[in-house]
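Alright, structures below, take your time with them.
Consider the two complexes below, in which chain A is the common component and chain B and chain C are the respective partners.
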Partner chain A sequence: MLLSVRDLQTHLHLKRGVLRAVDGVSLDVAEGETLGLVGESGSGKTLTGLSLLRLLPKGSGRIVGGSIKLDGQELTTLSEAALARDIRGRKIAMIMQDPMTSLNPVFSIGDQVGSPLRNHDIARGAALRSAVVDVLQRVRLPSPADRLGDYPHQFSGGQRQRIVAAMAIGCTPRLLVADEPTTALDVTIQVQIINLLRSIQADTGAGIILITHDLGVAASLCRRIAVMYAGQIIETGPVRAIYRSPSHPYTKALLAAIPRLGAKRARLTAIAGQPPSLIDPPTGCRFAARCTLRMDKCAEAPPNVTLSDGHSAACWKLV
Partner chain B sequence: MAAMLELAGVTKHYRTRHGVVRAVENVSLRVEPRTTMALVGESGCGKTTIAKMILQLEQPTSGTIHFEGQDIATMDRAALRAYRRQVMAVFQDPYSSLNPRLRVGTIIAEPVLAHERKSRAELDKIVAEVLDVVGMPASAARLYPHEFSGGQRQRIAIARALALRPRLMVLDEPVSALDVSIRAQILNLLADIQAEFGLTYLIIAHDLALVEHFSSDVGVIYLGCLAEAGPTEQVFAAPRHPYTKALLAAVPLPDPDHVLSEAAATGEIASAMNPPAGCRFHPRCPYVMDVCRVTAPVLAGTPHATSCHLPVID
Partner chain C sequence: MSGFFIRRLMQGVISIIGASIIIFVISRLSGDPILMLLPNDAPTSMIEETRRNLGLNRPLWVQYLIFAQNALVGDFGNSYRWKMPALKLILDRLPATIELAMCGLLFSVAVAVPVGVMSAVHRGGWIDRIGRVFAMLGQAMPAFWVGLLLILVFAIKLNWLPAFGHGSWSQLVLPAISLGWYPVAAQTRIVRSAMLDVLDSDHIRLSRALGTPERLIIWKYALRNAAVPLLTMLGVYFAAMLGGAFVVETIFAWPGVGRTVVEAVFARDFPVVQAGVLFTSVLFVMSNLLVDLSYGLVDPRIRNGR
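For the complex of A and B:
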């Protein structure tokens, strides 16, 4: 297995108390596979991604338990220096949501795309320049050799996201963490970036974790899906199993709550209420307060039930 | 009969240091009472500028906007005051559209106070009533916006828009800042309110599935121009403009077997500062002909109208 995460616990130490942002997350990503980490804001999907790279908010964020193994190497106990040298940007790279803020406005794009290659001693001088042109060609930025000296504001949103992707794949990482890579883009540009991620994966064989709230984007790109709710993965399985036979009441409710093109309904099925606070989360099932199938038993933490090969969900109803 | 709202040849150009931005070009639309017209298009296409002109936050460079047969540009003070209390807006971001220093009750009462003299007791009653309509307890009036979640804040923004019992509501991306599970709550609430108070909606959105679900009529905008307009059902079932087709083909569906098409619109959206000659979509259009590079097409057809040189084949 390329990436194996077991019982990951990441806390944010805030003034108001300790927020259990990631609370016992386990997931696997195989080489060349795309895992969709799907959930709403505050569900812990982004902090799960940031935990892999240990890019947590300074001072407040801390991994307090669990294990992260990349190609069998334990990352949680690795020193910060070793992580920066061998892992971050080298073996695991990240594509952030907003290409407006993830590119530095005062450096040329040639400089920025070249920086991971420089920092990891992959190329220097003329070789660096040609490596940068090469990687910008791979993300299909038009005439890259002429544009190395241009600055981020001289590119459109879609082009900027291509540049961000180029920065991430320059060192041919083993794993790409893409956090809402298309959310800031318009649909006709979004489809171009979705196809770009597909072709990057076909070329490099990298594993991808796609973090998204958009069930459409996840369906179009992922082989497996993990649904997060309130800091935990509540259902995981092959993409068809999740969309065709969702089993956790939250997954079902989420799929019923979105309007679908070409399938007009009189009324959307809303999910009442809102997610619990993760400073003092309920001891049992965290979705119970909003669940229409709630039973007394839900006051206890639900077991993870295996439904079929690779498909499991944490719900008492399935026991 | 006069439409609730009618835009005729509305154009908005902004003069900037770098040149003229042609944000909206010759847009004509009719919104009938108790219907929901959706304006859909990608960022920068001019849909919010159109909303601003309807709300009189911007003046059109040319063209007219009529509300129930009256030109809003030539209304006298009294008519304008009456217009302003009948047209309300709900904005995208409930975090920035509510004043953090005011209590929810004050926020909701503000538009009422701007138009009417009311006693404290009368105001409290109005606030409690509209809070009830949007599914919030009357006690919410004493709290501040930060004490509420995004979905609840959007309910408060809707309550404020409702307080004067308007006839037309402009909804600018009303759910795009909200989480998926909360979106359905707000969309259902908006549908209920529309039925209860006989409201007319103009909704601005980029999410096509939402537009199909929520609207009765739709206008598809590309680079400031209306590419296609008509009853939502017809436009979505049989899109005619290549841009509408491209938009629909690019929407990722929550279905792992759905195949996305990038081929329907290649390249990038041009700048409104320097829009392409002829049809503004022609550089991205897979069906481009010589005429498209030279002559701007005219919106034609009723009720399903298209602005395209291609012959209509249904």
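For the complex of A and C:
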């Protein structure tokens, strides 16, 4: 297994208390596989992604438990220096949400795309230049050799996301964490970026974790999906299984909330209520307060029930 | 960009005209120069004669128009006292003033940038706290007092550096520090807050995620972003130092424009005062213009006309 996360616990130490942002997450990503990490804002999916690189908010964020193994190497105990030198940008790279703010406005894109290659001693001098042109070609930026001296503001949103992708894949990382890579883009550009991620994967065989709240994007890119709610993975399985027979009431409600073209109803379906506070989360099922199928048993933590090969959900109804 | 530049240029011209009127009127409010030029017992006819020769008997607005017309071609009249062209007197002293202002600015930046950067990086740490105390001291201590303190400590008590004069590097140190002392505080704060902003931005987060060493993140990728607001200030401070150096120049007997103008004020040497002040305001406007242009050097978005 390329990446193997077990019982990951990430806490944010805030003034009003300790927020259990990621609370017992386990997931696996195989080489060349794309895993979709789906959930609403605040469900802990982004912090799960950041935990893999240990890029948590300075001072407040801390991994307090669990293990993260990349190619068998434990990352949670690695020193900060070793992490920066060997892992970040080298073995695990990240693509951020907003391409308009992800590039440094006062450095040329040649400098920025070359930066990971320089930092990880992959290329220098003339070789560096041709490596930069090469990687920009791979993300299909038009005429890259003429544009190395250009600055981010001279590119469109879609082009900037391609440049960000080029920075990420420059050192051919083993794992790519893409945090909402299409959210800030127009729909037509979204398709281009999705296709780009596909071709990057075909080229490099990297594993991808796609963090998104867009079930459509997840369905079009991923083979497997993990649904997060309130800091925990509540259902995981192959894309088909999850979309055809969602088992956790939250997943069902989430899929039912997708508006369909031609539907008669004028109002959008919503899930009533709010996710629980993660500073003092309920002991039982975290979705219970909003669940229409709630039983007395839900006051206890639900077991993870295997439904079919690779499809499991945490809910008392399934026992 | 060019429209913006032309607009700034026009604003600069208006500022200079305004400054010329103010200095012209104020210098004449300070008293009658004739009494300084002639002996106390000079006969009235001689006073009248001198007044006529210098054109001081005509209406004030006529005097101003003549002055403005001549000033446009660089003629500010002769110094009453030194009997040489006022502008030449000022220009002769200018290099010393620029030298002092440059070194003062250099001193303030050399202190403000590292302190500001480290305060932002170790927010709330000891550098940040000491920096804040120094910032307060800087704002609270006027240049003349700093100058006197420096002379007392480094020239008189320790005898490390000369207290006055011009010519060698050692004579430059104390005046430059006195002049650069005040802006350190404001510059440190600007650098600190700009760095805090940048260090929290998405592109720095991405840089970190891709394994850029912290040293490069701070001193290369973040600092150039933070330099934009600092640069604005530097232009203003450089201009203010050119004009405001007179206190420091007087304390350290520095042969610059400021001291020359101060002496001219005491002597009611109108042409020199006018030439000096007007010339300084032109420099002020010009350095602000240069700052507007230099944004482009740091920020490519402005360079490319956006």
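Note that the second predicted complex is superposed on the first by the 310 of 319 C-alpha atoms of A that agree within 3 Å, B and C clash if a C-alpha of one lies under 4 Å from a C-alpha of the other, contacts with A are read in each partner's own complex, and residues count from 1 in each chain.
In this section, contacts are C-beta pairs under 8 Å (C-beta built on N, C-alpha and C of every residue); 3 or more make two chains touch, one makes a residue touch a chain.
Computed from a predicted model, the values in this text were never measured in an experiment.
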Record, for the superposition on chain A, whether partners chain B and chain C clash or fit. fit
Taking the superposition as given, does A:I189 touch the first partner, chain B, the second, chain C, both, or neither? first
Identify the partner contact of A:P259: answer first if only chain B is touched, second if only chain C is, both if each is, neither if none is. first
After the superposition on A, what does A:T77 contact: first (chain B), second (chain C), both or neither? neither
A:R267 in the overlay: touching chain B, chain C, both, or neither? Say first, second, both or neither. first
In the superposed model, which partner reaches more residues of chain A, chain B or chain C? B
Once both complexes sit on top of each other, what is the least C-alpha distance from chain B to chain C, rounded to whole angstrom? 8
Identify the residues of chain A that lie in both the chain B contact region and the chain C contact region. none
Any idea which chain A residues touch chain B in the complex? 40-41, 156-159, 186-192, 194-195, 213-220, 239-240, 243, 253-255, 257-262, 264-265, 267-272, 274
In their shared complex, at which residues does chain B touch chain A? 42-43, 149, 151, 179-185, 187-188, 191, 206-210, 212-214, 233, 236, 246-258, 260-262, 264-265, 268-269, 284
Contact set on chain A toward chain C in their complex: 53, 55, 84-85, 87-90, 93-94, 96-98, 101-108, 115-116, 119-120, 151, 153-154, 164, 167-168
Okay, in this complex, where on chain C does chain A touch? 201-214, 216, 221, 224-225, 228, 298-301, 304, 306
